[in-house]
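For reference, the structure is listed below as structure tokens.
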């Protein structure tokens, strides 16, 4: 049995989320579940809770990698709550655990997760979030083939999840020499 | 929907496992899956692989919290591989993530996981492993009610998993004031 | 005795450093040592080694928070080498350990350190590095008084270290109610 | 210039320390400083504070690797406070950072530090603490030459620090082929 695809969703933990962002996060969660992939997030509120809610509404499985030492802080849409006790350093684990990372809005915590995902050469898809391309000169050149070294900006949830799966499949083909 | 129970299984990662220990680990995995709980482990070989194999043979779900930065080192019985890049420090996360921890044989890594589980007041069940009771005087007194502050030694897999679930249920009752 | 001021220096670990960047890193190290502060860095090569070298040439004390489990990877200008075994997650510790963070050039690892430092509301001074101000709209508003929520861009080493100390002193005054 | 020797001191963080244990911790700190070595500890109270106090009384340098995100919890005898935000997982770093580890009394946190130090084949000297030898059969055989795989039990501070330095020197000789 092949291992299931995992998609990490990162973004603002603010409880009072902009309704447009909340809707996008929910749809991203739904789209991930509809493709039978596992949703991984930081387990708290805001974008994390909305995305997990969307995945659960669509029958998906959700994992929350929590900053605290206990499961109590997990949002109610998390199936498997993993307390780390590592504080913000758990962001590294969220970034490492996805086959791709989808970033929705967000501020500095999200920026740390994007940084770690790109460091590990993960595909990073962004919606209304940090666009590192604007910061000319600091990034290694973008690799057109593997989508490494850039946040691939998308406009909506379906496009973002489609893009994530397309890049993952393409990498599998390159790895297996079938491309 | 109540969150699923998670049981962490810790023990030697030696590939050449004593056949008796391998059998016990496999049975512990089977017993965990038969109770519809999720098996969490360090994701590598030895006791971790045997326990995950047992769980998969019984239709269970398995999670591996890996020391490396990639999923490549996960044993083939891991459904969800979480790379941490934290090295041995990931032992802390394995200890924190279970509602109970079952330790089977093992050496220093296992001892670190037992220490962390007891620090967090998790129930710890042991089979042929470190018996901290033998080290008189260093532990706070054993709490008969909650099984805190001790490794509860068992002789076989079924007894160990039964004990883990009995303690978890008992704690739920205490917490809910129905005991 | 008041605790000594610690300044974290972050930047590219590339061994073949641009000579201009190497010179700036060396001068930042010298300036930190000349103010009797402790230099903290990630302990490896590139900007980390040049800055530590500058500090040692000026009689300073240097600490390297290493990604590996052993001290062997520390550059030769590190007095106290702290192996963490945490890989890139040690970036969090480098960001947390300074009273201010000075970022010189750098790529994704540096961006993660800048993110974590700003998350913890540390003053961050930048030379030829990521200028988050260019990414409009994603950051909380800049606080003129405390220099929170922005990378303060400087042109040279002396200006950067002066600025770091000025902000640290100003915060002390605010904290002590003498401003 | 050769790198300075670092000795990690671990033990109970209880504020109301047994006076005999407090005296031993203080003397261990003094002995470390008198040999011009750096004292590393977890930075909090109890054995950590007493050992750091002893080192400072003797002109030594002290480092505290703190569980929290801020330096505020450091005891007043810490020169360099490194906040990690990692909670108990910072125990791994304390264990890794010493050329030898001296354990004084202590409970489960200390046991995790002893486990990690032995995992990394550090010399571990114990005073009134966990004696893993009592747990027959779980440890690899003790190596007489390198003192690996055992807590070397001592009766007092001077003996413990002497032993730590003797083992470190002996290892250096083995490494350099002069033994």
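Per-chain residue numbering starts at 1, and chain names A, B, C and D are given in the order in which the chains are listed.
Methods note: a residue touches a chain if its C-beta (ideal position, glycine included) is under 8 Å from a C-beta of that chain, and two chains touch if they have at least 3 such contacts.
Predicted model, so just to flag it, every value in this text is computed and none were measured.
Chemist: Farthest chain from subunit D, going by mean C-alpha coordinates, please.
Modeler: The most remote chain is A.
Chemist: If you tally the C-beta contacts, which comes out ahead, B-C or B-D?
Modeler: Pair with more contacting C-beta pairs, B-C versus B-D: B-D.
Chemist: Between subunit B and subunit D, what is the gap in Å from one C-alpha centre to the other?
Modeler: 29
Chemist: In whole angstrom, what separates the CA-based centres of subunit B and subunit C?
Modeler: Going by mean C-alpha positions, subunit B sits 41 Å from subunit C.
Chemist: In subunit C, which residues are in touch with two or more of the other chains?
Modeler: Within subunit C, the residues that touch at least two other chains are 69, 85-86, 88-89, 92.
Chemist: Please give the residue numbers of subunit D that touch subunit A in the complex, ascending.
Modeler: Checking each residue of subunit D against subunit A gives 69, 85-89.
Chemist: Contact residues on subunit D for subunit B in the complex?
Modeler: 86, 88-89, 92, 106-109, 111-112, 115-116, 118-119, 129-132, 134-135, 138-140
Chemist: Touching residues of subunit D toward subunit C in the complex: what are they?
Modeler: Those in contact with subunit C are residues 3-4, 6, 38, 40, 63, 65, 69, 71, 74, 78-86, 92-93, 96-97, 120.
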